[in-house]
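In the part that follows, the structures are each spelled out as structure tokens.
Consider the two complexes below, in which chain A is the common component and chain B and chain C are the respective partners.
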Partner chain A sequence: MISIDGVTYSYGEGISALDGVDLEIGDSELLAIVGENGAGKTTLVKHLNGLLKPQRGRVIVEGIDTRETTVATLAKKVGLVFQNPDHMLFAETVEKELSFALVNFGLPPEEIAKRVEWALIEFRLSNYRDRSPFTLSGGEKKRVSLASVLCYDPQIIVLDEPTTGQDNLQKTRLASTLAKLNRQGKTVIVVTHDIEFVADFIPRVVVMSKGKVIADGPTEEILVREDVMDASSILPPQLAELSWKIGLSTPSINTEMIVEEIRQILRCDQK
Partner chain B sequence: MKVFKAFEYRRGATILHRIDPRSKLVYLILFTSLVVYFTNPIALLIIFLSFLPMVYLGKISARWSQSLRGSLFFIVFIFIFNFAPTAYYSGSLLDAAVSAIAMSLRFLNLISVFSIFFLTTSPEDLTQSMVQLKIPYDYALTFNMAMRFVPTLSREAQYIMDAQRSRGLEMEKGNFISRIRNYVPVLIPLIISSFRRAELVADAMESRAFGASKKRTSLYVLKMGRGDFLFISAALGSALVLFTVNLLL
Partner chain C sequence: MLPVMALAIIEVRGLSYTYPESDAPSLIDVNFRAEPGEFVLVTGPSGCGKTTFCRALNGLIPNSYGGDFKGTVMVDGLLTTSTPVYELAQRVGLVFQNPENELFCTTVEREVAFGPENLALPREEIAMRVEEALEIVGITHLKEKSPEELSGGEQQKVAIAALLAMKPKVLVLDEPTANLDPVSAKSVLELMHKLNKNGVTVILVEHRLEMISHLVDRCVVFEGGRVAADGPPREVLYSDKVSELGVGLPKVVQVSKRLSSLIGEPLRFLTPEELATYIRGMSY
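Right after this comes the complex of A and B.
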């Protein structure tokens, strides 16, 4: 359970990155935060593990006020994976990279070995176990960075732009990993520009613009609202756009539903 | 990291911003020499006070004071490491305090004078003035780029620290040795990404035909005006006064 309550944050000089954000995220939710560049998405998620503390308002994570604890304590509950894997990778081998957080949290060696093994398999990295992370491709590095956080099994998982540089196959795999973790009861928060990824895999979406939450709700309802899509300069899902262009009475992001609607229109025309 | 930010140039329209970089260079060299030469804490304090009108003229008080606050840690460090050995060897606490204060003030003065210079001088103008001072363009550009990448590097260091702290790295944990070791997960990505960036910049420069023509011409040429001569005279005059004051003290 995360509750964000009137949070304001500014990096100084009058630019406010967050301008009174209220957001409730329940246990084992799977949600996406979308919005234009500079909307405040990354600033917001940095509040979830205490890297940033709210200047006004408060953030409560699992009953703990983030202002009253350390990043190291919160990081155990909230696993935050940043956009650029190059900001994270430093170890000699992928295996050591994956055990970094586990060692920091002081887990026993057997447990570390077990979790590293799980992460290597889950993210298809077993072949790279002894390779230096710097010799991997962009997409592989991205997976190492995801694995290096998910391996310590945080209750809340926050991913900043996890799909950049991933091909469709890897995206689908990522989606199924996230769905699996979500089924196991984890809260999964994805910050992204990849609206099609959201439309296909994420049930709840929060839209941010200029430091504010401008829409929040079920993905199939939010992503078909033209006003919201315009206000946040998000490229709408192609299916939503198609629905608007055809003038469907109930715009949708679901292929089957749109096909069904079009069929009905065609049937009406024939009569 | 705030220390770097305090040297970042911001566009401004004050007299100090408009003065030719070469005149400011004269000021910088004169005052740096004085600061290094002086040993009397009172003389050093007078120099420090002489920066206040400059800071006011350039409207840079916020960033300048930020640079001072950012260097507080080093000043405490410098003070202790000058005080302790002097006190131990000379046995006089007063002597030790005087020399430690002088060293701290000297550092504070150096930070201030460089901060005044870089806060009010645009990197492009600085490169141009170096070229006009007959420094080869390659070196001038290297210097410019080194300056240009300081804020980028400090931002990058912040990103890396955020990422590693999110994986449970505690920078402040442990004794002196393990604290140094805590920096490894930050320094390695920082160094590697710097090399990568250097390569990218080199590629970008080559694709824009860097070095294709031997003789470069400039769109803008810096010219010294009456204000510059006034500024240089004022700098020379006040340096002379300070020098005399130091002799009398």
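Right after this comes the complex of A and C.
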């Protein structure tokens, strides 16, 4: 459970990166945070593991006030996977990369070996065990950085732009990994610009603009609201745009529903 | 008499290529031709050979990479394997995914002037090219800035302006929008459309088909190092073969395909606007 209560934060004088943000995230939710560049998305998620502390308001993660604990304590609960894997990876081999945090947390060697094995298989990295992460492709590096966080089994996982540079198949695989983690009880938070990915795979969406949360709710309801999409200067999903342009009474982001609605329009006219 | 064919700006014949120290070929018997002024979209799953293909078009492969290279690549009548880099660079500009890796000067203006300066052009000619390139890309107001302080989208535009100052006939872009937010991505893609209208041949690698497919003349799909499909976007994106390859088809294409089979009439729309106009037309 994460509870963000009236949080304000600014990096310098003047403009607030966060301007009174309230947000409740329940256990084992799967949600996306979307919004234009500079909307405050990354600033917000850096509050979840204590990298940033609220200047006003408070952030409670699993019952702990982030101002009253250390990043090291929060890091075990909240795993942050950054957008650019080059900023995260540093070890000589994929295997060492995956075991690094586990060694630091002082886990027994058998447990470390078990978790590293699991991650190598889950993320299809077994062939790269002894390779330097820097010799891998962009998509493979992304998988290593996600695996290195999941290895230490945080309860809350935050992914910043996980789909950049990924093709369709890789996105679908990522979505099923996230859904699986979510079913296992993890809270998964995806910060992204990839609105089609959100439309297809993420059930709840939080829309931010200029340091504020401007909409929050079920994805299929929020992403078809023209006022919200306009206010946040996000490009809407193609099907939402199609719905508005046809003038559908119930705009949708679901292919089946759109096909059905259009079929009815066309059929009525044939009578 | 032999039929007269327009001279292709790019002509790739029987190109097969294997990177040094790699067992498997990255390109296998690729044949490709682009007419002057064409806008060609190149897509396909990761690891399908798109990037290798781009590198072959400006001679980086095999000239800088080495490896096992078979076949020929001709750009504007020049063979890439026997033409010096400075000659090729005036004909083909290559834009990469990550502009941070390309920019190194202290100001945008210097960055854009760097290429023409290295051609030892007269001072006035350099100044004119820089002005023009900044103008067309729409970043004249950034010329005094350091590339480091710019956003990703702006940096990508600087990289493009720097290439335009070389007056290339062909621009090859390898996922130029991969690290950009959608609004910046759209703006870079619209810039490509504009440059193409001005006569530049554009070869663009892109995954986000929903943003670009309606603006291109042709769509080429790579798979496993081979060209799996090549034709107008309305044919390629609606072909059975491409949907089997797992290319992310735009939602409008998916809906149109479903409607086609329901109403028994082939629909080939690429944008929400096109499909919506059709439906509004049918319902009156």
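Observations on the model:
Rule of thumb we're sticking to: the second predicted complex is superposed on the first by the 271 of 271 C-alpha atoms of A that agree within 3 Å, B and C clash if a C-alpha of one lies under 4 Å from a C-alpha of the other, contacts with A are read in each partner's own complex, and residues count from 1 in each chain.
Please note the rule applied: a contact is a pair of C-beta atoms (placed from the backbone, for glycine too) under 8 Å apart; a residue touches a chain by one contact, two chains touch by 3 or more.
Being a predicted model, the structure only gives us computed values, none of them experimental.
Partners chain B and chain C, once the complexes are superposed on chain A, run into each other and clash.
In the superposed model, A:Ala101 lies in contact with chain B only, and not with chain C. In the superposition on chain A, contact is made by A:Gln238 with chain C only, not with chain B. Contacts of A:Ile262 after superposition: chain C is touched, whereas chain B is not reached.
Residue by residue along chain A, chain B and chain C are tallied for touches, and C comes out ahead. By the touch criterion defined above, A:Arg124 lies against neither chain B nor chain C after alignment on the C-alpha atoms of chain A. Once the two complexes are laid over each other on the shared chain, residue contacts for A:Asn168 go to chain C alone; chain B is not touched. In the superposition on chain A, contact is made by A:Lys76 with chain B only, not with chain C. Only one of the stretches 4-12, 166-174, 202-210 or 220-228 belonging to chain B overlaps chain C in the superposed arrangement, and that stretch is 202-210. Shared interface residues of chain A (contacting chain B in one complex, chain C in the other): none.
Contacts from chain A toward chain C in the complex involve residues 36-37, 137-139, 164-171, 193, 195-196, 233-235, 237-239, 241-242, 245-247, 255, 258-259, 262-263, 265-266, 268-269. On chain A, the positions that touch chain B within their shared complex are 46, 49, 51, 70-72, 75-76, 79-82, 84, 86-90, 100-101, 104-105, 134, 148-149, 152.
The touching residues of chain B, counted against chain A in their complex, run 156, 159-160, 162-170, 184-185, 188-189, 192-193, 196.
Contacts from chain C toward chain A in the complex involve residues 45-47, 97, 151, 175, 178-179, 181-184, 186, 207, 210, 246-248, 250-252, 254-255, 258-259, 262-263, 272-273, 275-277, 279-280, 282-283.
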